[in-house]
Every structure is written in C-alpha cells, then in structure tokens.
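Please read the structure below before turning to the comments.
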Amino acid sequence: MGYVAIKGGEDAIDNASRLVEYERLKSESPPLTIEQVKTQFRAGIDRIMGEGSLYAPEHAALALKQVEGCTLEGAFMLRAYRATLKRSYYSTILDTRSMRVERRISSAFREIPGGQILGPTRDYTVRLLNTDLASETFGSVKSFLEDIDSELQLSDEEAPRSFCKVVDMLKEQGILRPVDEDEEEEKRRVVDVTREAIKFPAPRSAALQMLARAETGGIAALAYSSMRGFGSAHPTIGELRVGHVGVSVRDRRGRSRYIGRIRVTECEIVSKLKQKGKSSVPYMSLGYGLCFGHNETKAIGMGILDRSMRVADEHPANSQEFVLYHTEGIESYGFTNHLKLPHYVTFQSGLDNLRNAMKRRDEEDRNAGAKKPKTMLNTQSQELADASPELL
Amino acid sequence: MVQDNTDNWLLRVRGLTKIYGDPISNSIAYTGPKFGSNICPETDAIVACAEIDFDLYPGEVLGVVGESGSGKSTLVQLLYFDGEATGGEVYFRSFEDGDTNILRVTNQKKRYLRNHLMGMVYQNPRDGLNFKFSAGGNIAEKLLMANEFNVGRIRNRASSLLTQTEVPVERMDNAPATFSGGMQQRVQISKAIANNPPLIFLDEVTTGLDVSVQAKVLDLIRGLQQDLGISMIVVSHDLSVIRMLTDRTMVLKNGRIVESGLTDQILQDPQHAYTQLLVSSLL
Amino acid sequence: MKHFLEVRNLSKNFLLHILNDKHIPALEDISFSMDQGEIIGLTGKSGSGKSSLMKCVYRTYLASGESMVYDSSTFGPIDLIEATEHQILRIRKEEMTYCSQFLNVIPRVPAVEIVAESLLVKGVAENEAFRRSREFLERLGLPAELWDAYPSTFSGGEQQRINVARSIISQPRFLLIDEPTASLDQKTKDVVIEAILEMKRSGTSVILITHDEYTLTKLADRELKLVGGRICEAEAATA
Amino acid sequence: MIEAKKFQQAYNYGFIDESTKKEIRRKMLKAVAIPGYQVPYSSPEMPISRGWGTGGLHATLSLIGPDDTFKIIDQGSDASVNACNLRNFVKRMTGCKTTFDTADATIVQTRHRIPEEVLTDKQIIVFQVPQPEILRGVERFEFKTRQMHAEADYAKMWVSLYESYVKFGAIMRGAGYPVKVNGRYIMTPSPIPRWDVPNLSHSDTLHVFAAGREKRIHCVPPHTLVEPLEFEDVKFMVEKFEGIRCSVTGEGDAFMDEIYEADGGRKHVINDSNFLDKLKLGGRPNQRLFVNPS
C-alpha cells in the first residue's frame, strides 16, 4: 500500500480555515466585543503582548478573540503583525524608579522605605470556584464598583514620584555588586535581537530581551527546575514592582518627546553568595526581569534565569543557549507543530532502510543456525595458535 | 618443619565470578582461555571473570596482569564493591576476623569496608575523586566517614597525607580539576590511605601519565607500601609496573587465572604459553 | 649434620610454547651441599647454567628434582622447591639476597636512596640508613656528586657498585651474588672482596659467580665448576 | 440562564475528605514513630497554590477539631498576609476558634519561625516546608538521597559543611540548618533561623514538618534529641544580636527584624509579633534561650 499524497490541497486548506471559524461561532452566543476581551481578560492580554513583544492592548484583544483564547497562537499573531510595522524610533531608557507603582513587595525585608504595597493580587485569595460569577449581571458589577468608590478616600497629597529601590540600598552597603562591572565593552553593548541574529554566548542585553519575549510556561519550568535542587540555591525577591512607566523618544532634533505609558512588571532577584577569588569577600548576585503588562510569574522566572545563566554549573538552567533557545515561544510552538507537515518522503527512505535491515537479519539467522560451542582442545600450543593468531 | 603460617592470610578469595547478561549453567564452561573468548556462544552472556582463587598476605603486593578484556579490572572492582559479584566468596581477615563472606554483607557494612579497611586508586581520577569538592575535601570525606569531626585534626591529617604523597600542601583547598594528571593520582593515593587501611587496590594508576611522572608515582607508591606495610593489589597491563611494584603476580586471560607465581619467576621463567607470549613482548 | 643448604639432583629445563613446545635443558641432576659461613664459587663458561642454578636457589626459576633443603632461620629446614610463595617472600625479605649482574630499579630514584632502601626495609632509621649508605658508596669509590643522581645515566662500573652496595650493606644471612667484581678497577675489587669477607666472618653464607680468578681464589672456600648444565669434579679452591 | 444551583458546592469538614485525612494521620503517626524520616504521603491539591502552605494545611486540617484553637504565623507574625489568608480558610472550613496568643493555641501552624514562647505538651506545631530533603543540596536525585538516608551515608553532607567552613571561615548556612534527630536521621528543620533550632531538642511539643509540593511529612516528637551538625572545633552558633535592642520594647534576647526607614536609617524590632505584644503588656513569656559557646 503506497503512501498517498494529499491531492486537492487548495480547497482543503480553504475549508479547514472556514471550519475552525465555524467552530468559533456555531454556538451563536453573543459575539465578544474587543472592549470586553481587552478589559476582562487583562491577564491573557498582558501575556500575549509580552510574548508577542508588541504593546497594543486592542490588537492583543482582537488576536485573543480570533484564536479563541490560545495564548501561544495569540502571541504568534502579534509577532507576525509586529513584523509589518515600520519602526521609526528607539525609546530612551525607561527609569523604573519613577514608576507609577500599583503593587510593590520585597521578600528580603519586613519593611522597606516607601512601604510594602500589596496592591491587586490573587496571591492571598483562596482558589475556590466562585459560583456567584455564574450569575454575574451588569447590575452586580455596578454595585461592586460603587462600594469600592465609597471606600476610597482620595488624598490630596501628590502621589510619590519615585520609590528608592531595595537593590540600590544593598549596592550601597556592598552586599550587592553591579552585575557587569567587569564585562568588556563589547558585552555591554545594547543589542536589538529583532535586527541581529543571536550568536552565543550572547551579551546580557540580548539575553534579557529574549527572556522578555519568551513564553511564560517555559520560563516557569526552567526557573522551577533550577530552584528545586537541580541548580544553585534558593533565591530571594529583592523587589517586585507592577505599575506604569512613561515612554519617551528623541525626535529628529534630539528633543525628548513623551509618547505615552505602558504597564510593566519588574523583578530583582537577590541570590546566594558569589565569590571572585578564594580570598575575596563573598557578595550577593543579582538577577533581573522585566516584561510587559502584569505577569509576575514571568518576571520572577526571568530574574532567576538571568542569574542562573551567568553561573557556571552543569544544570540546563545554567546554559544560556539551552534557556534562550527553548523558551522562545513562537519557535518552540512552531517547530513542535511542524511535525504535522507531511514527511512521507523522509519517512519513506527510513522505511526502506528498516526493511533491508530486517531482511539481512532474517538471512543471517537462517544460515547461521543455532551457535555451537567450539570443541575442547588438547595441547596448549594448539590452543594458543587458535586463540590469538594475530599475536604470533 | 615449622608449620607454615598459611592461616595468617589477609584476604582469601575463592571462586570469584562476574557474568553480565543472563548466563546458563555452562556459560562458564564454554568461555575462558581455552576458547579465547569471554562470550557464552549460546546466550551472549559475558563472563568477565570466573573461578578466581587466591590468597593475599599482610604486607604483600600482588600484581594482576593481562590484556584489556582479561577481567583484571573487574576483579578489583568486585573486591571494592564497585560491581556486584555474581558468585564466589571473599574473606577479609580484618573484617569479623575473616569469617564472613564480604560479598554478601549489607550495603552499610560494604561502605564500612570501603572506607575503613580498603582504598582504591582509579585509572581515571574522575572515578576516584569528587570534582565538586576540593582536594582536602575529598580526603575529609574519608575521615568524616570514620567519624573524625574535628576540622583542625582533619586538616592536619589531610596536609600530612598530601605531604607524604608529595602534593604541595598550599593547594589543599583547590579543586581537583586544577591539578595535573600526576597530581590527581597523588591526591587519590592520599585519599585511599587516609584511614590507614590494611589493603588498597591500584587499577592502572600510572596508565596515561607521561613517563617522567609515572616513575615518580611508582616510586611514591613503593615507598608508601614499605613505610606503611600495607598490602596492595596492583592491576596493570604494563609489565614494567608489575616488575617494579609487586612481589607476586597473577596472569589473567579471558577472565581466568592462567598462571600465578613470584613476579620474578613469572617474568623470567613463565610456564603458561600465554604468559610466555605476554612476557616475550616485554624482554 | 644439618647443612646450611643441601641440593639433591636438581634439574631445570624450559618448555617454550612460543617455539611450539621446544624443550631446552638448562641444568641436569645438580647435587651439592653447603655449610653455614661457607663461600662457594660457581665457575664455568657462559651458558653453562651458573646463573640458572643461582636463580633456582633464589626460586626465580621453578626447578624440579628431589629436594633443595635450606636451613632457614625463620622456618627451620625448608625445601625451597616445595615452599609456598608466601614463605619464599618471607625468606627473601629476611634472609636471602640476590644480586644480579645488571642494576634494574625504578628510574629517577637517586643512587644513595637505592642503597638506603635495603636498610630502610629492615627498619633502620632513615638518617642512619642514609649515613651508612653514603659511607659505603664512598668506600666503593663512587664519586660523591653522583650519590644524588639517577643511576640510569651511570657507567657499568658505577651501576655495579650501587648494585653490590645495595646487596651487601644489609648483611643478609645468605647472599647470592652474580659477578660482584666484574668491570671494577683493582682497588674497588679489593674493597668488595674485603666487604664480602667481613660478612663471611659474621656468619653470612655466599654463593658467587665469577670469571675472575683473583676474586675466586680470594673468596671461594670451594669451587663448583659447571659444564653444560652439569657439575664437573673440581678441586677445592684454596681458602 | 445558567442556574446558580449547578455550581453550588458544600465542603466536607476541614475541606479534605475523610479517607484522605485518615491517610494523612496514619502517615503522621509513622513519621512520629521514625523521628526525622520523611514519610511520603498523598498530598492532595488544595485551593492554595503549591509552595504557599498546602502541606501545613494538610497536617492542620487532619488534626484539627471543633474545640481546637488555631494560631497561624508567617515570618513570626500573625498579621502577615499569607497567615491571614490561610487562617480565614481554616476557620471557614472548620469553625474552630483562632487566636494570636501562642499560649492559647492548641495547634500552631508556622512558616520560617518557632514562637519565642515555649510550647507545651498540650500543643502541636505544624511547619510549612518548601524542601524536605536536606541532602538535595549535595545530591540531585531522589532515589539516591533515599538510599543515603537508608544507609545513614551522610559523608557528603558533612563535607559540604567542611568546604563551606574552609571557603568562608564559618559554616555559611543561614535558615534550615541541618540537624541529626535521635542520633539517626539528618533532617531539615525547615527554613527556620538558627535561633530557633535548639528549641526542637527535648521539647514538650510534637513538631510536624509537612511539605505539600514535595509530598513528604517528617516529625520531631517530644523529648527527642535534635543536634545541629557541628564539628568539635567549629561549633553551631545562633544569630548574634549583640547590643541590638528592640526599638519598640527596648528588650533583647529574641530574633530581631531589620527595618529600613525612609531616610535610609535602620532599626530593629522583635520578629515574633505575639511575643512583642506580651512584652508591651509588661510580662515576659517563658523562653528557652541558647547561649553560643564562647
């Protein structure tokens, strides 16, 4: 039975895409508006904006709606759309010290200057299915919002323009050293991974960019593996911040122009002792992670991997190449699915080899017959001549 | 005639056997020097070594020589519990007065034997040393297993051992990976004799070292053996190593002892055809 | 009367498998006996079996024959043909020393250390062992600057001096020595002869092989001449 | 219209079903019988994420009854966010009384601290444990560490302490200092500071260490010898708070927190919030203090 090639590819592909659209719509439930997706699927939107490396909430909402909520596919959509956009400016460096903080915690100290701000988080909720949501109405939404508004006392104080970073304090006390104080110049250059193909070992700027665009699940898996004893010791969150940061660019005449603000999650991981030489004083090392939107798991994972990639050990999370290649969502998603492409040519050649080998083996068995032991020999010299002819 | 003291042996080995794969009753019968092969024709089981019998006396150095595949390394691996023996009995005077077959004791007792009563120096330093610990740490591991919990005494003992084996003491806290091949073997030797065991095994210790270093290591081993009076089993394919280090020698081929005797007799008056062949390649 | 060593029709032949079982006779029914403190000189052309006989006594060669009883201080009378390897090793360590013609030692070990080792093995303290070794090497006329050098670079005579020094210094009970004075100048020859005579006075028995008439007459109480692997009658050498 | 009823759920007493609670209790008994040995247990999922205290809840919810008084602290404080979250959950699921007062509680659940106030034989303390396998630092694979425990082959652990001392001049292990229980098993006391470790030895209380994510329970029963690993000449030392006084009560002899102030200054406050409150009321609850060897 031959391996039948697929005929009539054209109309098959056309039908397939209409069929998947049919799956999305056949229940005739009221279509989701972009506004609903954008506002009520905030976590999903933030995730695919990060992995798609394009900060565009509406487009992200559209993508998520189009692909029925699959974040891998959604991130892929955004990456593809991003490639079509003209790029006119590089932004100036964002100073996250002047972040409009919504949430800010440190696990290293009980209290930190500026205070621990718990902010919006499900960390301390009990993950029980909330059955009320099954009967949520616009009315219940409004009344919930009114309760919140009544409790809020708007203070007339200016919101703090900036918070001093915990890691700055640690650096001042020499507990923490600036990460790349001894990297050579070339390594400190800021690389644009979308313009330059990556060569390993990659400079830290490239590694951080790739981590920022990486797939959240992959990051979590590798970070977890490095903490669970398969890598260096237990890291601590120096600081985790979620909030909005202003973005500005330099126009043609070099003047700085504010073009808007984006929400980001930033995390600084402080970890166990590092030591230059044997005699030098030990100090702590820093891992840094920042990504679009509110995605704490990814930011923390990035911080852990940023550090572990700079530690020489034989665990996968210590290998920059292993981490950066395998956490790139679009590539891993793409290649894993490419197995669905027809491979019958390659498979055929493999089949052929296999069949020949089986044939040869059968022939060998047939004429070799059951192996018989050699008969016992008499004199030693005879045995010697027989045993190792090549030695004589 | 004074009764010769055959009973003050240190190690008594009887019928030591190691077979890989699933042997049948006469797998041993169909393999060995007579057939020039270790592989049982019927079941492809590999008889690494079989029917190994010998005694070793305190302070004696026994050589084990043979080409690769002769089973000489398997022999010491079985005695040092790096592998599980398929059959045979081994009695060790210093352990329960030699009444127990040490091949069948519990893992804990085997670890006691390995740590207190035996030592092993491997051809490949990576098998003998833990490259995560420093050289001193490797020696400390042995001392700690012998319940020496005083860091001061551990470091004194480690530095005296390293001096004895001509390793510069200031390198005690360096990682083994930063040592040269000869130096790594010396650290292994220090580790092997850390708890003053009555018996140590040396498996192709100088193979792969360059000639000048080889001589130094051999001289070191000879000196230590004389100073400490320990028994040694030296495995080597290199007959000059056997000549320089050992009192008696066993010649192995295809997993069997084809001949054994005083080393000078084996080298100058070999009886078995295979030994004559082997020795003729040396002279 | 118990002899120090009594050999009864000992023979030795080699069976060389690698020459498809060639049979080479080396010694034919050798019988002789020897008393404590005696020096026997083995003479004969090369290939007559002198070294083979000595190696049979030292058990390097496996000989056959009726018996070879040696009056051991450790084991008492013991047949060296039948003795176990462990016993032979004990005898070699404590009583019997064999000094071959050629020096073969671990390379890169200084001369003085080679000599000192035979004392260290007997438990002599390190500095005492080195002191006596240096003294003896000096008596043998080995230049001082060579003492810490590696013998592999020395001349034949110099190596011979180390070999002899190493065997004699430990005053063994029974010395088997092959060509002790060959390739030595006259002065050093006399020193070696004197050293051996000294050992004889303190009870050491010796079997020596020599081609040198002068050494034979100076040392040997009795001469055993070997021809074609057999002892041929020879008159007793003058004391 | 989706009927609300379809999603209605009533929960068993203590959230976990009875047979699972029974299994957890039996495993705890086994852990008590073999002090320091890690007993594998079912560790069912909970509505609390892994690594946030599921093990602690398994132990607490299997032990607790309606007339128990439950106290729960995190980093020594009853008011910490995770403690509040778990306290509400336990209260909601069992209706038991809760308290901040260490002396009142019959079951104390804790993360990273033992209360300064000495616990009695009427109380059980349950520890939340991130990594139950102390040997994980020196041996990566589970099947090997189990064998090491079975054969009491702890040389690698000792060598890592030796190496740490040689490299840094002191055994650089902060929280979770390895201890030997009953002279047999080497165990992690969970990431409590060295300050608390001596309280485990010969205490009147039952200590239950439950690791949910890693599915292991181990115990230190009352009146059991617990020795921190130390060398003859390199002794176990607790944290030194020389000359440090609590800025609220002026007292010392308790584990202190380091507080950074807005102006960059530093002050110290006693970590155990209940102990601090009692000090403020004037009394000083009974403590067991460890004196560092000189």
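Labels A, B, C and D are assigned to the chains in the order they are written; within every chain, residues are numbered from 1.
The rule we apply is simple: contacts are C-beta pairs under 8 Å (C-beta built on N, C-alpha and C of every residue); 3 or more make two chains touch, one makes a residue touch a chain.
In this text the structure is predicted, and so the values were computed from the model without any measurement.
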{"item": "Chain pair, B-C or B-D, that carries the greater number of C-beta contacts", "value": "B-C"}
{"item": "Chain whose average C-alpha position is farthest from chain C's own", "value": "A"}
{"item": "Middle chain, criterion being Cα centroid separation", "value": "B"}
{"item": "Mean-CA-position distance for chain C and chain B (Å)", "value": "32"}
{"item": "Inter-chain centre distance, chain C versus chain D - centres from mean C-alpha coordinates, in Å", "value": "78"}
{"item": "Whole-Å gap between the CA centroids of chain A and chain C", "value": "81"}
{"item": "Interchain centroid distance [CA atoms averaged], chain B/chain D, Å", "value": "48"}
{"item": "Chain D: positions in contact with at least two other chains", "value": "167"}
{"item": "Junction residues of chain C, two or more chains touched", "value": "17-18"}
{"item": "Sequence positions of chain B contacting 2 or more other chains", "value": "173, 272-273, 277"}
{"item": "In the complex, chain D residues that touch chain B", "value": "147, 151-153, 155-156, 158-159, 162-163, 165-167, 230-234"}
{"item": "Footprint of chain C on chain B - complex, ascending", "value": "1-2, 4-6, 55, 57, 60, 212, 215-216, 218-219, 222, 226, 243-244, 247-248, 261-262, 264-265, 268-269, 271-273, 276-277, 280"}
{"item": "Complex interface listing, chain C residues touching chain B", "value": "14-18, 55, 58-62, 74-78, 83-89, 104-109, 117, 120-121"}
{"item": "Of chain B, residues touching chain D in the complex", "value": "107-108, 111, 130, 133-134, 136-137, 140-141, 144-145, 149-152, 154, 173"}
{"item": "Parts of chain A lying in touch with chain D, wherever the complex brings them together", "value": "109-114, 118, 123-129, 131-132, 134-135, 166, 169, 228-230, 233-234, 273, 275, 278, 282"}
